[in-house]
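What follows is a structure written as structure tokens; I'll ask about it next.
Every chain is named by a letter (A, B, C, D and E) in the order it is written, and numbering of its residues begins at 1.
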């Protein structure tokens, strides 16, 4: 190493005329890869000096917001700046060199982490940093942050989410590292809007910054919290999910116009119910399962499902009652039919009016004989009707009965 | 290196007034990246001293619990602390410096692993650690642990899971590394509740800690087991899966009111069955396949499926029998009809009562001729009926027959 | 190290006849792994010299274009070239050696990043680079770039996408690093076409290059933007999705030919609607959710869905009205039937023509009694008809009524 | 370095009383990070000594068995042990220190790989190893092995899989590295059962070990093959897939009881077929596609599908034939009906018996006129019937015909 | 380092009797981790010597072939061999040591890449390589290659794919690195067959090797192309997808036997169409979207879909026409019926034959009145019939009409 060092001196001496070279600055600072003064400890001359770390965050893109995992993946530009007290040179001594860019790993860096971050940065790290002649170190990192974010999906898909990014040091107290910033919330929002590329299915609303000092186990730390607020673009969910289900509900309502007598009403209603079940496969895909309240969209879905089912049950009951009534009519009228038939033939010689009279009296008899049965039925229906007020035409099928 | 070292001494001498610098402490300790005293072996002066490693774990978030792979992904904060006997300085000699933070890789660290962990930590590791003047080394790691956890899904989705995190050294025996802790179970639970962010679809219940010494191949080791207990939020599973299937079952029950005579009952019941089959696509997605007992939810699903099928089979049988009966009635009554028809005309001149009498006697004959056939049928139905008690109206369709 | 160095000299002296060895060049340049002159700072002798970085990009493959994440994954060949002013040798002194290939990590490299890149390069990096005798450094990298790209999916699947790759330095200003290129847009397109392997589901259209200087926070930087334009191959989407839905729509149109009287029309139409719902499961898979405008394909789908539903509602209404009319006909004609029946028998002694006359007059009466009811119905239908002009045979079912 | 070394000596001299320190052992062995004696070559004094590597594998968990990729992911504990001939110390000279634990990367390790392994280990590697005073090196690794495994899915889901893990050196021949073990197959099985945590959907059966020497390109190598045998827990597959399909088959069989005359039989059977098609979506998910034989479960599924289709075709044919017969009956009997009707009236004055006789003779005529048609039909049915023996009631519908 | 070196000499002198140690060879060669002679440049003494790299590739497993991404993942064994001219020793001087194995990173390695490779190798790299006494370096790597491969899916699932692996140096021209091989195509195929483990869903056919020299930008390079040809095992695709769709087509064909008069034909055909739609969900999963030609299987699917739809439209048309005809018949025959009915009664006193005659003449009249209507219908049908020849029984339903 001694020999290597001497050779190096020799070599730089050979092309010694290059006094404007960056290497001269590094030589002056003795800033080499192995100089532990620069990489081991916080770069202050007096340990009581806190290192002020300036931190600016711009939101470049919203890459992903995974409902299922409650994961938020923004792509941010982080500009960090701090004072390294071991670095100082007079630019005039070095042809006016004011800044030098260096490999990032040779200098101490503050251990700022984002509390919510759950995966190592996936984007390529910046390999270089820049130092100023007065000791300021500038680092720019473009980071893809996989962070956890508690989402409120009650109003899904009309929800607004706020995700936090809490920057803090891991091991340094507030007396060692202090976090400062120059852009305020509205400036950060404005700049972010300018550089923003893709926003996924979200509409970026704003970016707010707050500083605070938290203490845990009697250990005071500076925390800078960036809160990203965004609104979901719900258009496609409406078109793909909410509208079709609403359509099916309209169909189900419309089915009250279908005659109860044939079998097609039942078949129609149960097929519509099947289609809603298929839609539920989609709901199962898009909805996160991590909620303590049922999301409105699930209530909407299960509510429509339940209404359809109730109306289906009602249809079945009405059909059953109608059939029962007509069955007893049949029993009575079979004999009667023969009577009237015969009567009809019997009456060919007389006029038609007695037949009318006769039929009337017979049906009167029939209705009397089934009076107690019908009364039971109507009581059941009364109970059933009270339980559903939301459907528009309850009078429709009662009219069928009483009419 | 010699030259570099001399230069370094020179350089620090140049700004020699900085006696409050961290670097002075490191120089005093001779703590450099290459000093193998600090990084190679367990930092004790006498090898018989065990190193006591203090370990505190707080649960910051539950990121994922994958049923299919039996994987549990908590995000924990791990605070580790141990004594490095090579480190000691008098803070008074160094302007009162009591702690120094250093790059994490230059000191020996205990090889504590989590037995259940199946993937390398994905979260960014803390780059720094802190040393005290009396030799205590503090490390804080925020780790995303992908760990395996045996889940009991018998009661899914009303299950409570307990996942263990067993901390132990890989190669050190209990005489070398001992695990201690300061927070007890209730304190750890309380602190975790305080820092907890997202809980995925789970409700964190508690965190218990137990210490024990295990021996394997005559090798004694300290193990500290953190057990995280949590309860699944089952609300969405009820709304999305259990309720719809229950609704379909109600529909199927209600279908007993539909008349057996038309084709719509069959069509109705088989469509409801098809809808339950579509729901089974969802079950296949949400249910893990790794169970030795069938989960209750699968039993619920297949049970309802089976009941529906039985009732469908019954309907088919009843329809078959009714048709058979009516077919033989038809055969007999065709001739009879003509008889009565003719008779009716024949009797126009006489009174209507003999016709009634005649018809009665004929149907009596008909019933006698099919008596043995009906007896067989009723025996079959008796067997069938005994096999199903859970359905409410078994007397309904028997009445149809006997009525 | 001194000893090692002396030994090395000794060793190379032993086989000293090898004056044509690459090692001689490196020795002359003192280019070793630890020589920080080569790896620490921008390789210029005068810091005012900007480093011109020549950058050529060829598109080798389009690996993936994920609509959901708005991610574009091209596989590109990047040829980078710049001047290292510390490197120079006379080939004649070294047997004519003009180029030497070296491990890539021992020389300074410009910190060129691609702004849109969101993941570290997955392809293996080239381990070697080449230096020229006049100091030019050549690097060739085959990179799989996972980049974000704002997609316009309004015309999906007939869309053309343009994705940008913006090359720029992270920390160097335009006075330090300048980006130049030798291939123009058409040459880059031509070369790319030649080397292109797979294009995924896309048809590569062209590759355009633009240079510009941007300024941010008063910091001027050179940016070179490669724009890749490509067209989606929509054939399979037509065959798998658009055609089947169109077919179902045709079926639904054709169902106007089915008689309204039976139940099969309803059942037919609702099954076709169910099939379209199943197709929507596919749409949900292929469509990105990140759009501020509804894509045409979703409009197409929901539009056809809505038309089908309207026609279904109409069918139900028509059936209801028909039934109502026939029910009132029935009420009137029941009495009437007996009359005509009897009349028929009554008329056996007279001729058949009066019966015709009689029936006519009765139906006239019937139509008069329901005239006000029908008028209401026709007004409702008129409103309904105005709302749908796209269906070909609106006169069909009105004719049924009026006919 | 020289200076550093001297300082180090000085420092340890300062606290010279610590003769029981691990560092003393390392100093005695000159075991530093840069001593290439320990890390470069196989640690034997005479190159003809083979290094015996003792290898014990315990199965801690079965994490995943992916049918689609034929991937097997066990979590194993691997205990490796070998002799490093450069290491020896007398414990008595060092206060009785018998073992020292060291960072794993500073010693030579055998290049044992697992041939089937397709991904780098995902679990965190043990950072330490242990050396004995007599030179034995102990390494314990907890590895998650993503390995390829040829699966035999013919009997799925009742299959038993055997996956191999073949441990061998990459470049060392049998004269350099020999693999030995101390646990036999039954001991390894027993220990594995004891430590086993999760078994995914599998039931661990046993673990067998075999040693052999293979030669490739005249290069002899020791291979140790651990074979893990496990049985799939098929319960859930039965409940979720096999039972529902069987149920549908039963329904299809039962549908033979439904009358052929109405349309509901067809509708019923085709809906059941549709439900089986939905089940096939699940089969497509769970079945690997990499088989040269069709798995039994696919045969089961397609077989039931085919049987259902055949019975459906048969139903259609029978209905067609019945309709044809009745159509020709209708043609003939229309005239006939009028005859009998009239005849009935005609016969009012005479007795009823001749009508019976007359009707009999007419139907006789009718049957004669269709005799040749029926014969053709019955021949077709005979062919059809021979092709299906598995269904229970072939006589049912033939009786309908002949009856 | 000097001190360390002297100590090392001392230490090896202490056990100086070990003259058969590998370390002696390394000391003779001065082969240390820091000797840049071995790791920096191409190991030739005269730069004009090209380095011949011998490359043998065996296919160990086909792990994955992803249609969607056009990704091919083989697991290959790559045996590489080249001459390092700096390495030479006389085995006789070192107890007969002929080969030494070393950590892989300390020697120069050719920068051979595989052009198609899109991800870094996932399998663990071999940590060691072997050197011969005459300077040959042997490296064996087991690599999982994630490579891109242009697939031809036109004939899917009966396709044969050929995927290339093009080995070439990144920066070295043909005058620096030459690629040679010893196994020819048939030998490589044979050896691969022998070591092959899993083949995924493919059947390995053969492995061909070709050498060529390509030039790009006037830069000549050696390329060695291994082409792996394999055939898809299509059995499961036939069983799971092609057969079921064919079955549905047969059902649809068979539905021509169902009577047009009832509603069940329509319901049957549309349910079969729905089942085919569900099958299309599977097609959407298994088919890649990256094709310029529509794959045969998609044509098959959409073709059958279209045929079914046409036959469904036809059925609807036929039903419409039949209904229209019968409706006009009804209008005419209503009056007529009464006539015949009355006539029948009228004729009771006369004989039955005139009724026959009368009915005949009436139906004759009826057919005449509808003659022009039927002619139009038949012309439409003729057009329709010409458009479909593939269905077997077009005469069936025309006969219904004309009959």
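Going forward, contacts are C-beta pairs under 8 Å (C-beta built on N, C-alpha and C of every residue); 3 or more make two chains touch, one makes a residue touch a chain.
Only a predicted model underlies this, so the values are computations on that prediction, with no experimental measurement involved.
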{"item": "For chain A and chain C, chains touching each", "value": "none"}
{"item": "Same-residue or different-residue interface between chain B and chain D, half as cut-off", "value": "different"}
{"item": "Where chain C and chain D are represented by their mean Cα positions, the distance between them in whole Å", "value": "35"}
{"item": "For chain D paired with chain E, centre-to-centre distance based on mean C-alpha positions, whole Å", "value": "22"}
{"item": "Touching two or more other chains - residues of chain A", "value": "1-2, 32, 262-264, 267, 271, 274, 278, 281, 345"}
{"item": "Chain-level touch network, classified as line, ring, star, complete or other", "value": "ring"}
{"item": "Chain order around the ring, beginning at chain C and proceeding next to chain E", "value": "C, E, D, B, A"}
{"item": "Contacting residues of chain E [partner chain D, same complex]", "value": "1-4, 7-8, 11-12, 15, 18, 20-23, 26, 32-33, 61, 63-64, 75, 94-95, 97, 100-103, 106, 122-124, 126-130, 138, 140, 142, 144, 197-203, 233, 235-237, 239-240, 243-244, 247, 250-251, 254-255, 257-259, 262-264, 267-268, 271-272, 274-275, 278-279, 281-282, 285, 344-345, 347-348, 352, 355-356"}
{"item": "Chain D-facing residues of chain B, complex", "value": "1-2, 5-6, 30, 32, 34-37, 39-42, 44-48, 69-70, 109, 111, 113, 115-121, 148-150, 170-172, 176, 262-264, 266-267, 270-271, 273-274, 277-278, 280-281, 283-284, 287-295, 298-299, 302, 305-306, 309, 312-313, 316-317, 319-320, 323, 335, 338-339, 341-342, 345-346"}
